[in-house]
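Labels run A, B, C, D, E, F, G and H following the written order; every chain starts at residue 1.
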Amino acid sequence: MNAIFKRPDSLTDAPTHFCPGCTHGIAHRLIAEAMDELGITDRTIGIPGVGCCVFLYRYFPIDALEAPHGRAPACATGMKRAQPENIIFAYQGDGDMAAIGTSEIIHAANRGENITVFFINNSVYGMTGGQMAPTTLLGQQTTTSPYGRDFNTEGYPIKMAEMLATLEGVAYSTRVALHSPKHVNQAKRAIRKAFEMQINEMGFSMVEMLSTCNTNWRVTPLEALQMIEREMIPYFPLGVFKERTGKDFL
Amino acid sequence: MYYDVIMAGFGGQGIQTISQIVALAAIRRGLNVTFLPSYGVEKRGGRTNVTLVIADEEIGSMVTNHPRCVIAMDTIAVDKYRDQVARKGLLIANTSLVPESMLDRNDITPLALKCNDEALALGSVKLSNMIALGAFLQKTKILGFDDVEAVMDEVTPERLKHTIPANLEAIRRGMEIAGNGTV
Amino acid sequence: MTEKKLTKGNIALAEGAIQAGCRYYFGYPITPQNDIPEYLARNLPKCGGTFIPAESEIASINMVMGASASGKRAMTSSSGPGISLMQEGISYLAGSEMPAVIVNIMRCGPGLGGIAPTQGDYNQAVHGGGHGDYRNIVLAPGSVQEMFDLTIKAFELADKYRNPTMIIADAMIGQFQEPCRLVPEKPVEFPEKPWALTGRRGREPRLLKSLYLGDYEQEEHNLLLKQKYDEIQEKEVMVEMQRLDDAELIIIAFGTPARVAKTAISMAREEGLKVGLIRPITLFPFPTKQIYEHSKKAGKLLVVEMNTGQMVRDVRIAAHRDASISFYGRPGGGFPFPDDVLAEIKKALDGGPR
Amino acid sequence: MAYIVIDRDRCKGCCFCIEFCPRNLIRISKEHNKIGYFPAEFIEEERERCTGCKTCAVMCPDTAIEVYK
Amino acid sequence: MNAIFKRPDSLTDAPTHFCPGCTHGIAHRLIAEAMDELGITDRTIGIPGVGCCVFLYRYFPIDALEAPHGRAPACATGMKRAQPENIIFAYQGDGDMAAIGTSEIIHAANRGENITVFFINNSVYGMTGGQMAPTTLLGQQTTTSPYGRDFNTEGYPIKMAEMLATLEGVAYSTRVALHSPKHVNQAKRAIRKAFEMQINEMGFSMVEMLSTCNTNWRVTPLEALQMIEREMIPYFPLGVFKERTGKDFL
Amino acid sequence: MTEKKLTKGNIALAEGAIQAGCRYYFGYPITPQNDIPEYLARNLPKCGGTFIPAESEIASINMVMGASASGKRAMTSSSGPGISLMQEGISYLAGSEMPAVIVNIMRCGPGLGGIAPTQGDYNQAVHGGGHGDYRNIVLAPGSVQEMFDLTIKAFELADKYRNPTMIIADAMIGQFQEPCRLVPEKPVEFPEKPWALTGRRGREPRLLKSLYLGDYEQEEHNLLLKQKYDEIQEKEVMVEMQRLDDAELIIIAFGTPARVAKTAISMAREEGLKVGLIRPITLFPFPTKQIYEHSKKAGKLLVVEMNTGQMVRDVRIAAHRDASISFYGRPGGGFPFPDDVLAEIKKALDGGPR
Amino acid sequence: MAYIVIDRDRCKGCCFCIEFCPRNLIRISKEHNKIGYFPAEFIEEERERCTGCKTCAVMCPDTAIEVYK
Amino acid sequence: MYYDVIMAGFGGQGIQTISQIVALAAIRRGLNVTFLPSYGVEKRGGRTNVTLVIADEEIGSMVTNHPRCVIAMDTIAVDKYRDQVARKGLLIANTSLVPESMLDRNDITPLALKCNDEALALGSVKLSNMIALGAFLQKTKILGFDDVEAVMDEVTPERLKHTIPANLEAIRRGMEIAGNGTV
């Protein structure tokens, strides 16, 4: 019998440091599979943000640059300009992209940098122990919103995929989720498409993935999956918010 | 009076609890205490170490690499701290999990204590930390049973209050074993 | 006597802020200081205060600026990378003479570094950091009690001198627990703020700024600032000194290394070695005079830091020129144990470099 | 027809594979693995019922499952 | 005869430092008039960004805080939280808001801070000598886009009023222009409305004003006015992009 | 001999970057250094280079990081406030050992300050700045020619040591003009970069990072960095020394004050006063040995800076312990004229404080 | 009917008032003012034609014009 | 040889042009030159000052507060720099705009030069800077007419090349007046 599903070549043997059931792990595998399928592993450079994704280089057998928190899009800009022949991706959490790195992501997107950004939205700062993020849901309790996020003082969760889609330089902006087999397969296609946008020099591509942080949500891994469906998707609708089909910006 | 102890094991073994008990009891006795949880880079990985220093004078260092006592609740802990115990010091090892052969220093007092087994005998493996605590009290004499009993209520969260009697009994059992010299 | 509670350093600091009348906290998480915002997120609302989980450290320090300009006590806290991002803001606070308390629970650097304790940001806090000729007042707590007391002091000094005040503590001081009295030793001081921006009602408009474009205006401003710093140096030095009477060697250290040194000194004394301690509590102002006087007598100094050598430069400058100075440094999360320091004491007493 | 292989020591026991296997062919093991978790295990007894649908593997956050057909 | 138009009380006597024909001056007067009309001068605090507006405090007889470049919205946040009874406004250029201060403006807006921001979009960094801004028009030559802004490398001009309007916390976001009497009168109404939003505690309000920088555009003041009509408005359409009519976000 | 052109300091620096092979510039405008980006915006595209008008200084330094990680020569430039914002990025560059050239054409601070020339950022560049135990290589040009030559040198040193290298010059050096040879003195060196991230094709993956979490990993890393800095201190000092043979007083100054000092020294010599000059060209590494040796002989030092006293601390540490040190500082855009310095020379020769 | 007063020494001669006055009642002065600009001046001769429409004042970037009616 | 001069006036008076001419001519003669435009905080306000230092040795300071010569093209310039001129130094003042009474130092050589009037006489007030330049050459002798003539082409932008002859004539006129001692 043959293996019809095995670990992709673009994933190393290293066991992940993620908490049990953390869907960061699924995102990693999907990216690895996409690199395999597109045959780009040899020429891909990854730039993790700071967050639970920071050890990205342990898991992908590719060149990697550890960017300062939030600055991966700026690092990717410098890198892609310096080596346009290679594929550059950034991998950011919601603290990294939607909080401290707001400016860098918006301007990289607005310039239409030909890079790909994977964005793990788990509605908290996972790595530092589950503090409130700009993406935290209304009413959600975190260590820094102990009484639940209140829009009167903290505003509404920010929708990155939608906001970025308003920018001319963006070729592809989509939101997917990682909580069910169907959604994971969708996510896979989105990741592939995002890489293809870069390969075809269409401009900036971004895939937002709704992801779990069961540890900081203080629920079981399975409950966390359900919370994506039940609490996140109603506020963060899935879909493609922008997709360039030709170099129509020219 | 000066005493330092490192208590180490994996998460869930109740290391934090017994070190809190000792710290508080010492404070009630008017002693100075420093309580240092896992320092350095050991963040993930589910291990717990606490360094306690107890003294009747001002406490300088809250770190110590030659503690007078180590309570090691599993193999990794013994491995890491056995060689650090000060000469003539005390090594209390949970030999329910640790092979006795590991306690092979002859310039210290090793106390092989089958904490899990003893705890199980008292009804729950969760009492193993209290067994160790009892032995610690007995061997070091820096605090008495009463001191510890007096703070049990304070350190025990509401939902666990009912476990206090069992805990006290386990402490007594630990003292007993250690007192008997049943090493 | 008020009861002492076993308290974590970071929590003592956060509670100190509340008791100092700080009602505005703005911050962005970073290990190993998250206890501070987490405690304040829970407790500030209870006393009518405001906690904003800011989007970044840059936003944090500027929110602090806004609240401080309003005449309110405001604070932020962070560690290494986050503190670096605040340097522009801190320089502005200094330039426009606004009070603010900034806490750095130090972790390893450079770069992302690690989360282990260090004192690698001494220079940043005390000398460098932001651009321009300015100084932060810098306090270095050495115990949980001081995490509480010096936080109150930090707010008082910041207001008194209209100057940013930093509290720097290695992660160990932030993370360990000790019995602590969680009420102020004496009533907290609240200086008047006749410069605060509160709306001009019935008075002339007020202005807080740091831009000076007129000929020599900026130079004058810098010289006035310098005067203020000199006054701070004159009046506000805090230092702990132990066993100096007969000391032939003085250890100079702050934070965790000072505590380790105390133990090492006891060990040394037991062996008959005459060793004392100078522990700067204020890093700026630095206990220059104290070090000068005592180094003249003792002749030998041993500086212990959790870095590759930063405060030692200030000691060199402060010390009597005939004093010989040794340095023992453990950077990047390595820290000295008492017997390491004891060994260094012996080395230093046996000679040691100038 | 098909079967899966779970890398015991990579598995962290999150139960996703168990939850999503349409045929309930996976369960939690009684022994913990090297890294301290109780890993998932394929119910070998019912091996012939596995369709090789890959659902388990698709959901595994630790890519601990290989599927053979 | 009576004066039917005179200098508003909320403008000091100081002559401005602006270049001849710079419409920053018009914006200043409009703000002063609005403060007069609303009777809020006594309780208004202004926070200029860094740019040609930096001397704001010379011209308005109000309390003022000089914020670091781009950070006025964060300063305003801290200030408004500390004194909600007062009226706080920031005044920013396009460098200040749309470049270096992107993150601060977005998050202040997203939190729905009850502050007012006046935004002077003159498509260049005026104060530093006319370098390219994120708002610089395509093809526009500046000292740092000497060959004209090219969307392939620098992206499209960023539309702040539209982008901010997508955020839930925003009560009012509009774009006006300062190049003709009709437009100036419209601008005046927008400025008043923005202040009213704050007075009524509706949340974040922002008025983007298309403004001239004839000095750095290297044209005469009158030509500059025409360029607003001819070149800016086609790309930066005027209008109200968001206006909350009740506290409907509650 | 190649012809010299009357050239502005900033332009010489920008042209130096191009000739050093720098093809990537990322920056955000700030007076008084805008000539640099403006020149490069015009000229980089002509040689196939990339100029990005970045949205901020933070973006700039991180774009530099991305280009530098790619093995390319990259640069940014700014002044005071902008440089403060880069401190996190600079610390990361140091921590992950990436080369980069960062230019600070210094204006007044703190805060927004003014646009007049100062040397108020000495400490930031040389000691403080970002978090963690690291050093920048710091070059201080004293002429338009050096603005050109040292820019090339900066790229070479940055690559050689995989370390961020700063060029700091007061605004006067950036703004004035002098005849300048705009071709390199010798062929530009391009060290191999076996660490560059270029896609793993046919080799093991590479990694650039600054996070070290393993036990003692970070300490080891810090000690290795320290070793590197010691090596730089050993090998790379550049210093100009004039008229030291018989000097009874040595002026120590860099940048504009050093030039003013030269004139003052000529005036002093005409009056028979024996004065010499030590001008550090590298601020880190600092010419410690040179200062030590010569101060031993001369006995008196006069440090002149355009700030309230920053480099003087390094001089104090470097100097022989018997040397007496005076300081003359003009902060905030005030600068010393030759006769001011002459007056200080006379004061210092008549005694002057330790 | 109406008239305007231009603050000569505040005016920077941008010509906006001149451009927008619907009745062409403003011109550039021949003498420069204290701050070195050639300021706008109301054409007093045609004073009676001023409608007091304020257009000039509305456009003045230096708020140098007062309108009386 | 060492010479320093400050040239000052308001924007449009051609201060930058004549200082560039002097600087370049000096360089062509193999001399060292530093050229410092308005430094310090005087950015806006339309004033121009240039400090030129010319020497045959290395030039130290590019700033000077006692220049051997000041060329002051208007009242503000005289006001600011008159007292700075080194003793026995030279003050060339454009007395078309500056009241002669302002040149009231007797330890320097004041040269009252009606630059605007002389320039107007030659056809354009724009030549006033060249009149001053001529006087400067004549009085200081650090550069000759030929030196200046040789660089005129280089400093003159294309669209102004046709003005070179008139400029040269104005320089000659300036030299003539200064040579005549018509103060």
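Quick note on the criterion: contacts are C-beta pairs under 8 Å (C-beta built on N, C-alpha and C of every residue); 3 or more make two chains touch, one makes a residue touch a chain.
These numbers were taken from a predicted model, which means no experiment stands behind them.
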Distance in touch steps, counted as few as possible, from subunit A out to subunit H
2
Farthest from subunit A in C-alpha centre terms, which chain would that be?
H
Express in whole angstrom the distance between the two chain centres, defined as the mean CA positions of subunit F and subunit H.
35
How many angstrom lie between the CA centroids of subunit B and subunit D, rounded to a whole number?
40
Taking each chain's centre as its mean C-alpha position, how far apart are subunit C and subunit D in Å?
54
So how far apart, in whole Å, are subunit B and subunit H when each is placed at the average of its C-alpha atoms?
88
Can you list every residue of subunit A that touches 2 or more other chains, as numbers and ranges?
54, 66, 68, 99-100, 102-103, 107, 111, 134, 153-154
Shared interface positions of subunit F, touching two or more other chains
31, 50, 52, 55-56, 58, 81, 88, 92, 96, 111-112, 114-116, 209-211, 213, 217-218, 333
Expected list for subunit H, residues touching two or more other chains, is 40-41, 43
In their complex, what parts of subunit B are in touch with subunit C?
20, 23-24, 27, 32-37, 39-41, 43, 58-66
Given the complex with subunit H, which residues does subunit F contribute to the contact?
4, 6, 31, 114-117, 171-172, 175-179, 256, 259-266, 333, 335, 337-339
Which residues of subunit A touch subunit E in the complex?
99-100, 102-103, 106-107, 110-112, 134, 151-156, 158-159, 162-163, 166-169, 249
Footprint of subunit D on subunit A - complex, ascending
1-8, 11, 15-16, 18-26, 28-29, 180-181, 184-185, 220-222, 225
Please give the residue numbers of subunit D that touch subunit A in the complex, ascending.
2-3, 9-10, 12-16, 19-20, 35, 37, 52, 54-55, 57-63, 65-69
